[in-house]
Structures are given as structure tokens and as C-alpha cells.
Amino acid sequence: MEHILSILIFFPLLAGILGFVVDKNSAKAYGISVAAVEFLLSLWLWASFDTTNAGMQFGEFIPLISQFGISYNVGVDGISLFIVIMSALMTLLGIILLDESKIANMKNMIVSLLFLEMTMVGVFLSLDAIIFYLFWELSLVPMLYIIGAWGGPTRVYAAVKFFLYTFAGSLVMLVGLLTIAYLYHLEAGVWTFNLLDWYQLDLSVGLQFWLFLALFAGFAIKVPMFPFHTWLPHAHGQAPTIGSVILAAVLLKMGTYGFVRFSLPLFPDASVQMIPFILTLSVIMVIYTAMVAFAQKDMKQVIAYSSVSHMGIIMIGVFAMNAEGLGGSIFLMLSHGIVSGALFMLVGVIYERTGTKIMSEFGGLASIMPVYATVFGIMLMASVGLPLTIGFVGEFLVLLGFYEVSPLGTVLAGTTIIIGSIYMLTLFKRSFFGPVTNEKNRNLKDLNARELTALLPLVAIVVWLGVYPKPVLGPIDTSVKKLLVDMEYKARTPEAKETIISLQRAKEEK
Amino acid sequence: MIGISHYLILSGILFSIGFMGVLRRKNLLMLFFATEVMLNAVNIAFAAIGNYYGDLSGQMFAFFVIAVAASEVAVGLGLLIVLYKKYGSLDLDVIATMKG
Amino acid sequence: METLVYIALFAPFVGSLFAGLFFARSPKNIIVGIVNPALIFISFLASVALAFHVAEYGEVHIKMMDWISVGNLNIPFGFLVDEVSVTMMVVVTLVSTVVHIYSNGYMDHDKSFNRFFSYLSAFVFSMMILVMSDNFAGLFIGWEGVGVCSWLLIGFWYHKKDVTPDINPAISPSYAANEAFIMNRIADLGMLVGLFLIYWNVGSLQYDVVFEKLPHLADGLLVSIAIALFIGAMGKSAQFPLHTWLTDAMEGPTPVSALIHAATMVTAGVFLVIRANPLYSLDAVAGVSYFIAALGTFVAFYAASMALVNRDLKRIIAYSTLSQLGYMFAAAGLGAYWIALFHLAAHAFFKALLFLGAGNVMHAMDDELDLFKMGGLKKVMRGTYIYMGVASLALAGIPPLAGYFSKDAIIETAFNEGTYILWFSLVFTAGLTAFYSFRQVFLTFEGEERYKKYGFHPHEMYKYVLVAMSPLAILAVVAGWFQETFHEFIIAVLPDYEMSHHTHHNAWWLGLLVLAFAVSGIVIAYKKYAQKGENAFKQDAEVENGFLYKLLMNQYYVPYFYVEFIVKPYTVISEKFWAIDKAVVDGTVDMIAKVLYRTGDKTRTMQNGNLSSYLNWMGAGALLLILAAAVSAVMG
Amino acid sequence: MEAIAFYVFAISTVILFGITALSKNVLYAMTSLAAGMVMISGFFFLLGADFLGVVQLIVYVGAVMALYSFAMMFFDATKDIKEKHGNPALVFLLGGLMALVFVVIFSAPIIGENMEALYPIVDGVGNAQAVGMVLFTKYLVPFEVAAIMLLVAMIAGIILAGKKMDKSLTTTVIEENPEDEILKESR
């Protein structure tokens, strides 16, 4: 299995193309089996992954346009490994959750999802800027289609907004990437888009600043950071359940992953310089969007805004500049993917039953659908960061790591554990507690086998990784430490060297 | 002494007259007249500059401009006749069919 | 010994899973009602065994596995069983066992019987983690775990609907649950900050490492850590100003109030301060420690004053819990950690007993809590009367019951430290305590049988429940006799605290003074509330309209203040933010799109199909180009 | 001498072309255009471009004007044409502005002094001869292309104008709906 990464990327594509000829009625079964194979492949990748090796593994390199140094170049390290696995998992569970009677034209849905999976895996595995950009942009297309074809009443508006907004940002990012290649050409005399080569590039602080901003435009809109977040509630509000799940679980992570993969190692000085800026935006993101989430009437919008709020914590972790914060933030990406994905699934479940997501239509669901309420409660607790659930580990580490950078900022961002619980508990109380206010809801059925199949694995993961996160944290930690060492080595300004705490320095201090 | 500037300025003024005609004319035939004025104005400029530099290229260009103008008139008039047959008028306001 | 530790820790967890996984959806199952208490009892036995082991051989320290390990951070699941934690373990498991058995009777008719046991056992498990962990992160796990269980249990009767605060100050169980959780989270943030400070300055969260390195840290840092940790303690132990959730938490089933909101969880804050005694006894943080003592004293008085007028059976006990927590903090803040822990244990016994007694009354009175609708219940509920009377005597500090020894020691400590204001406040509060405890007891059991007017048919609790309560009653009586034994046992880990010679000298009249206050409190209560006939207690409208009465009845308007100045503004600001989000943030984005659309719309008229206007536009464009050419020629 | 000729020609061309641009009557406009063309040829003679002047006379005044006059026969030339002018001030402003810009530009001193002639005018060689030399050597291909173009234009003109010549355009009232057939079909 030398070409495991290529297989991971292109197997869904091939399967998706083949999916066109699959019989309509067996489309879902086909989708499940393909996604399952993909998921197993990703697990196989994990199994054969060398956890002590911090560098890129399973690398593949095929020159495509050699005069411009564009090549098909993929590799995986501890940072991307688990995001890939999570993408495969969430796609699989999302497909399992699809209700054949509710989704018109299931075949198209399956094909779109498989294409989407290809692009997602591609983004996280590619080590060539052009290939990365290619997958990055391609991922918009299936999502646009999913929202536009199966969405709610104003789906076209939401889909177009999602597409144009993120597309506009990534164009700026493309300019930034091309500029880096040009600068590399100036310096080294050869064209290359190989990320690992770029890491060697020594840029002046001023250039770093502007290039950081260019890439920021692309990544920040994807994350989405305040004030670029407004496409998200629309997209989530209109997207079908599966769209929201993938969007929240994986697509948003592309932004933060971009920061980790590109911004940090390429522009260490600018990254350190930008900490106050990022911190301000992130704190606003955390507090402001959490309060907006509290004001929502629609269950799904609460979770959409909570996503933004949590992404703020992830952003803070990315810029913590130490292994604790950065590792925690990557772990939080996974946990947020799983938890918010599960929450969107849960909202989808109730929406399928009642046709509404407005909280005031519910009330007292806990007594009608106890299992549903239990699963929702577990995910809620994971979302507010209860210890021994997956949500705590990342959040704790991020806040812990960032405390070294800015105590005040950490306290402000730490309010997430308060206001996060405010909107989540309010949501839970409004929908699940109290007497049954809506007579229509009295005969709602509890989770059925299909839904349980999709949700129980997530519950298991939430608990497992909350109690024993080591198998995941270990490889992340190894790669993160290497990243920090590289960053510190590359940093030019003394203050950047001061802020970036690589393990080496920590050891020296001891 | 009449220098090149005189010719060029005259050419510019004539061109502007033609330009003005193009702007204000609504009748297609009159528009053609205006364009002829502009073409001639340019021809003067070509000839004048050619003379100034002692170069034949200016005259050559003017020559070809005349040739083009001639063919333009031939085809253009043919088109005008067709249009007139169709609409009974050559007024641009009348024959405009596309509504923005 | 490891096995014993694991048995003590995981038996409740097994119970929780047992009840939760296998019986969650089935109706009441008596197997759950037997197995769960049995498992907790096993845990209790293991704890007792461990206590003997610890007394004999010293602490047991084991590491189960790594939990989080990133960068330099390494947090294991490690468990430390020493004198302090084993004391807590015994107290927790003992009270839990009784409460579990009691719940069999109390929750008899509840359709969510199994769920209740699942939650209750989960709580015990979390509490065990809290007390047994060998590091701050593990403590935090338990800390949050008990928070969640408390949330689940306060909101156990989630199906009740929200009512206005005039009818029920807690609004609804689910509302009270959320309030408790959120308020605790505020404090948890402080605690987290404390953990971060410790980690970045010490490099570890293990108790032993931290306490060893603490003295080498800068003073300012130590103060910050002490404050941050105490903020955490304030939330869990419901100290002012984070106290309002505790009384609202009485919405939960009474066994829950007994276990969580009296005996165990709320003492976690005290436990934290005791656990972190190497920090709080440093000279650098003397100011913080004194603040803790002062705040404790203030809360003791403050809560007692509110208990004076309240009519709600459970709320009065809740206030008294608050008040007693204040006593514990006063002791801990003054450096008498072992006394604080002793009072914690003694208090757990008699307060749980008091609550369970109240539960019996509720059970008898169809969940009626208004004291003014009771009275004269002693005829039908003799057993409960005795229990509650004993518990109240203990609470009031009447010798030779438990409360006398523990509370007296605290008051003596205050005297010994020369903090006479605190001392007098505590003495006075002791008088108030005696008064309100017996006001409650007398209003319930003595005097006119007012309940008849309201058509209640009270009946005594099941026999086995009363029997099950007896260990608590016995301990409420005898616990104080073991003060010296406990002292010797505990000073192995906690700093010893001895009264000075001067205090010893004055001990006899100090004790008498406290006793005098307590007895007079009881006597007044008897005079006022226990009479029959023409002296019988009547509501006095004049008193009830008085300023003081209203102030106390409305909890000094603190909840009102929170609602008006925090909850409502938060809601309003949230709504405003949402409006801003739609109008401004999203509006800007849409504006860009709209500008583009409008520009297209407006310029569309250019494409009107009229050649003449095209020519005009072209002419204008040509002119612009020529101008540009001219300008560039001039410029360049 | 040259100056007098220049100013005479200049003033007359400006006036004549002005009439062309502003007159309401097609006939006047065309006549003044033809006269203006003649005057233009005067400039060519003044500039020593004899051949071009002759071509101007023959092609413009002769051929093109003849074409226009023939074409005019199809239309009603005697009537004054009515044109709606949306914004005459703007038109004059634009035209005036353009004239101004040109005047300013062209009255500026010329910088390209050191430009070298590609096809210098050799003294002693007649203009027509010189033109012929260049035209049939360097510009042979464009010349032939121009010839073909003229041929094409001629054919096109005949075809376009010659269809349905039997129908009078001016005297009969058009009964058909004056809308494009194609447009109709496409609806």
C-alpha cells in the first residue's frame, strides 16, 4: 500500500463516477459501502502510521508542470492524519443517517458526497500549494450543489453567498500563494509550489506580514472568523442535515488547518506579530457569537453560531505558539468536528420528524424521546467542555497554552465555558425540559436503528477520546513539536523567538 | 509660416466636428456623413505628419483609409437601404429594437 | 491496597452504568434499588478499610494511566488516598449509602426511579474522583462531574413548567438546574485560571510537585493562584456572591438535597481549600486566607439571617447549609484546617439527617413545603420528629452532640486568632442558628395542627427508611466524641492547630457563652412557635410588612439584582448583537453584493439598443482615453 | 502664399463640415460634405501629396458622393429630417472639449524630433511615382487586400441594396408589421 494517500484521495472520486451508473434504489447502500471502505483505509493509514516520526509520511511526488514546479505532492503527518480520518468518519456516518424517503434523488446526493470527500481528503493531504488550492476550491462545488439542491426555502441565496464569499477570500489567498512562489523563484532561481520547499524560504518581516494577510483572507473566511462569519448561519440554516454535518465537521477545519499548515511555518514572525489581532477577533468571535447564539430561536442556528464561537477557541490555540495550545487546538478541531457534527445530526433528526427547528415548537421532548435527549445531552456536555468528554481536552489545552501568551485574553476567551453553557443549557431547557407544550409532539418516535447507528459511534468516540485521548494526542504532539522547532528556528525577530516556545527551549530552561 | 501644428490643430477641429456629428446625429445617413468627416480629418493629420517627417508612410495610410472608407460606404449604404426597407426610417430611435 | 482504591472508586460507577444502561427505559425496578445501595455500601466498606490502612501505614498513591500528555504537560489519572481524602471518602460513601437506601422509599412512586439511581451513583463516582485525585486536573474532572450530576438531579423533575418567581422563587427545576450549572461555571473559570497559573509556573499539576515548589514562587503569583482557586471554591460551596443557586437547587428531590447540596458537593470548595493548605498557610497569602475567613463569617451570618424568616422547609435547611459552609471557610481561612474538616464531616451527618427528615415530612405532606401549613406533626411522625430534633440540636451546637464540638472549636479558633469581630459574629450566628433550626422544628411538629385546615393526611415514612437513617442520627450524636481521635489521625497531613494557653484558659466561659446563645435561641423559638391554644403562633402582618422582614424574605434582593442587572441585560444585549449581526455584519456583506447588483441594474439602461446612445457613450469613453493620454503625456 | 491658401481651405472646410454636422437637410449636408472633400484635397496638394489629393477627389468627391446621392434617391431627401436630441448641450460640450484637448495637445511642441523616415520623400521624384514605388513594393499585400476588400464591398453593396429593387421604398405604405421576421419567429 505504497500509494495509500492517493488511494484515499481518488478512491471516492472513482467511486463517485461509478456511482452514476449505480441503480437508484441501491444508491445509499453503495454510498455506505464506499464511505466505509474509505474509512477503513484511513484507519489502516493510522495503523501503519509511524507515531514517532514527526515529518511527512507516505509521501508521493509526481511532477505535473515541471517548468513551474507544480507537482502532485501528498503526505501525511500527525496534524493532518486525524482530520482525514474524521472526514472519512463523518462522511460515512452522514451517509448512514440519510433518510431515503426524505431525500429526493439520493444518487446525486451520494455522488456529491463522494466528490466532496475526495476534495476534503485532498486538501488535508496535499503538500503542493497548487494542488491544495485546487482541492480547496473544488470542495466548494459539491457543497454548493448540496445546499442548492436539497436546502431550505432560501437555499439559492445561502448557497450563492457561501460560494461567492469563500471564493472571494480564496482568490486573495491564491494571489498570496503565487507571490510566495514568485519570491521563492527570486531567491532560489527555480519555480516550486512544494510546501516543504517553501518552508525553507526566508522572508523579510514586512513581506511576511502582507503574505500573512493575503492567506488570512482565504483561511479566515473559511474558519469563519468574525466578522467574516455571516455566510455560515445562512449556509447552515438552509443546508440539509448532511450538508451541515460535513460543513461544520470538516469544511470549517480547512481554514484552521490552513493556518497551521501555511501561515505558521511560512510566516513565523508575522504570526507572532499578529497574535493581538487574532486574539481580538477570536475573543469577539467567542463572546459575541455565543451571545448571538443565545438569542436564536432556531435550534440549528444556535449550533451554527456555537460553531463559530468554538472556532474562535481553536484559532486562539493555533496562535498559542506552544505545544500545549497548538496540539490542543488540533485536538479541538477533531472534537469540534465530531461534536458539532453530531449536534447537527441530532437537529436533523428532530427536523425530519416535525418539520421545524424552532425551539418554541418543542418543549418536554425529554419525556417523549428519552434516548434522543440522552444522546443530545451527552453531545451538549461535550460541547460545553465537560471533563472526560472529548470537548474538554482540547478546550483545556488551548486555554492552558494560550495563558502563557495572554492571561487576560485567556480569561476573556475562557468565558466560553460560561456563556457556552448558557446558550447550550437554554437550548436544552427550551426544547427538552418543561411540560410537553405542543400536542403534535406527543407521538414523536424515539431514535430508530438507522439514527442510532449514525450517532452511537460518535457517542463512543466522545467518551473514549475524552477519557483516553493519548492515541490521538501523541502523534499530534510529535508533529506539533516539530512545527514549533522549525518555526523558532526560522523566526527572525527576537520577540518571535521569545514567544514561540518549542520543546527544545523548554528543555534548555529546565 | 504654416507649421505642422496648424495642420494638426485643424485636423483636430475637423475631427471634433465629425465627433460632434456622430454624437448628435440620430439619422443613420447623417451619421455616415459625420464619420466621413472624421476620416477626412484624420487623413489630413496623416498627410501632414508624413510631410513633416518627409515620409511617405503618412500618405500610404491616408490612401488605405480612403480605400476602407469607400468600401465602408458601399456596404454601409447597402445596409441602410435594407434597414429602410424594413423600418421605413433611418432614425436610430425608431429602429432600436433592443430594450435595455 | 490498589484494589481497595479501585473498588471504592468504581463501585458507584458500576452502579450508575448498571442502572443507566440496563434499566433506563424500564419502569421502577427493585433490583436497582437493591444493587445500587449495595454497591455504594461496598464502596463505603472499602473506604473504611482504606481509612484503617492509611491510619496504620500512611497514604496510598497510585497511578492508573495517563490522561492528557502534550508538550510538557502530563496529567495522569492518579489517585491519592491520604488522611484528608479518606475522611472525605468515608463521609461521602456513608451519607451516600444512607441516601441511596432512603431514596428507595422516597422515590417509591416516581416513574423515573431507575434514572434517579443512575444519576445518584454517577454523582458519588464524580465526588470520589474529586476527593481522591492526586492532581488539580483530576480534581477538576470531579469538580465538573459533580456539577453535571447536580444539574441532572436538580432538574430531575424537568417536566415541571416554569412559573413566576412569586409562586416559586426557583421558577422551575430545570431553570434552577441551569442556574446552578452556569453559576458554578463562572467559578470554574477562576479555578481554571488557577490551574493555568500553577502549570506555567510550576510545570505540573500534581499536588506533591506543586506544594513542594510553591514556597519558591513570587508573592504576587501566589496571591493570584490563591485567589483564582478560591473563586472556584466559592462557586461550588456557594459563597457570596455566587450563593443563590444553592437555595434554588432545593427544587431537586430531597435525597439529592441531602446528599449533594448539604453533605458532599457543596463542601468541595472547603475540601479544595483544605487540600491546598500548603498554599493557603503561606505567609504571602495571609491576606487571602483572612479574606476567606471573613467571607466565611459573613456568609454564616448572612445565610442565617435569611433563614430566620423563610417559610420553606427545605430552603431553611439550605440556608443553614450555607451558613455552616461559612463556618467551615472561617476555620479554614484562619488556618484550622483540621477543624474545618471535622466540622465538614460532622455537618455532613446531621445536615443529611435533617434533610432526610424534611424529606419524610414532604413525603407525608404531599410535597408541601410551607411551614405555616404544618404544625403538630409529632403525633403522626414521631420517628421523624426525633431525628430532626436530634439533627437540629446538633446543628445548634448543644452538647454532647456533634455540632457542639466542631462548631465550638471554630468559634474558639476565631477567638484564639484574636479576630474578635469574626468571633463575635460567629457566636451571634450560633444563636441565630439555634433559633431558626428550632423555629422550623417547632413549626413543623409542635403547636396547632394547621395541616388539617388544608386537608392533608400525613403519615409516617416507611420503617426501613427510618432504620436506614439511624446511622446518621447516631453519628450526629456521637461524632463529636471522637474529636481527639480524629485530631490525631488527621494531623499526619494537615497542619496541626492548637489553641493558645490563653484561649485554653478562657475556653470554659467561651463555651458557656456560645451555649447560652444557642439555648436562648431555642427557648425563644419554643416560646414563639411551639405553644398551643391562645399563645399559638399566628402570622403577624405587621412584622411581615416590615422592611427587615421583606429584605430577608427577598434574600436581600440579590436574586432580584441578578435578574435585573445580569440576566435581563444579557438577554437584551444578545438580542441586540443578533440584530447587529444581521444588520451590520451581514448587512455589509450583502451591501457589497447589492452595490454590484444595483450598478448592473443602473448601467443596464445603457444597453438600450439605441445606437445613438451607444455612440454617445463611446464618444465619452474616447474623450476620456484621449484625456488620459494627454495627461499621461504631460506627466510623463 | 501657403498661409493664405491654408487659412482659406481651413475656414471653408470647418464651415462646410460644420454644415454637414449640423444641417437638418440631407441634401445640404451632402452637398457641403462633397465641397468639404474638395477642400480637403486642397490640403493634400499643399502638403505635396499630389497623388493623394487626386485620389481624394476621385474617390471621395467622385465615387463616394455619387454613391451617397444614389442612395439618397431611395430615401426622401427633400424632407427635413427630424431628430430628437436628448441632450444637445452635452454633445456640444463633449465635442468642444475634444476639440480643446486636441488643440492643446497639438499646439504643444513636438518632441519626436529624431524620428527617421522609413520611406523618405526623395527630391526630384514625382509624388505619384514615389507613391507607386512604395505602394507596389512594401505595401503590395495590403494594396491587394484593399482591392479585394473593395470588390467584396461592391458585391455586398449590390446584393444588399439590390434585393427587391422593384418595390418602391418611399411611395408605398409598408403594410407589413415592421418587425424583424427573425424576431417574430423566435418568439
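Per-chain residue numbering starts at 1, and chain names A, B, C and D are given in the order in which the chains are listed.
Keep this in mind: contacts are C-beta pairs under 8 Å (C-beta built on N, C-alpha and C of every residue); 3 or more make two chains touch, one makes a residue touch a chain.
These numbers come from a predicted model, not from an experiment.
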Furthest chain, CA centroid comparison against chain A: D
For chain B paired with chain D, centre-to-centre distance based on mean C-alpha positions, whole Å: 5
Rounded Å distance, chain A centre to chain C centre (Cα mean): 37
Where chain A and chain D are represented by their mean Cα positions, the distance between them in whole Å: 68
CA centroid of chain A to CA centroid of chain B, Å: 64
Junction residues of chain A - those touching two or more other chains: none
For chain B, residues contacting two or more additional chains: 19, 23, 25-26, 93, 97
For chain D, residues that touch 2 or more chains besides their own: 91, 94, 98, 101-102, 105
Which chain pairs touch, all of them: A-C, B-C, B-D, C-D
Chain C contact footprint on chain B (complex, rising order): 19, 22-23, 25-26, 28, 31, 92-93, 96-100
Residue ranges of chain B touching chain D (in the complex, touch as defined): 1-2, 4-21, 23-27, 29-30, 32-34, 36-37, 40, 43-44, 47-48, 50-51, 53-57, 59-60, 62-64, 66-75, 77-82, 84-88, 90-91, 93, 97
Interfacial residue positions of chain D with respect to chain B in the complex: 2-3, 6, 10, 13-14, 17-18, 20-22, 26, 29-30, 33, 36-37, 40, 43-44, 47-49, 51-52, 55-56, 59-60, 63-64, 67-68, 71-72, 74-75, 81-85, 88, 91-92, 94-96, 98-99, 101-103, 105-107, 110, 115, 117-121, 130-131, 134-135, 139, 142, 146, 149-150, 152-154, 156-161, 163-164, 167, 169, 174, 178-180, 183
Residues on chain A engaged by chain C in the complex (per definition of touch): 161, 164-165, 226-227, 229-231, 234, 288-289, 291-292, 294-296, 322-324, 327-328, 364, 366-367, 370-371, 374, 381, 384, 386-388, 392-393, 396-397, 399-401, 403-404, 407, 410-411, 414-415, 417-418, 421-422, 425-426, 429, 432-436, 467-470, 473-474, 476-477, 480-481, 503, 506, 510
Residues of chain C touching chain A in the complex: 24-25, 65-73, 137, 140-141, 143-145, 148, 151, 155, 158-162, 172, 174-175, 177-178, 181-182, 185-186, 188-189, 192-193, 195-197, 199-200, 203, 570-571, 573-575, 577-578, 581, 585-586, 588-589, 593
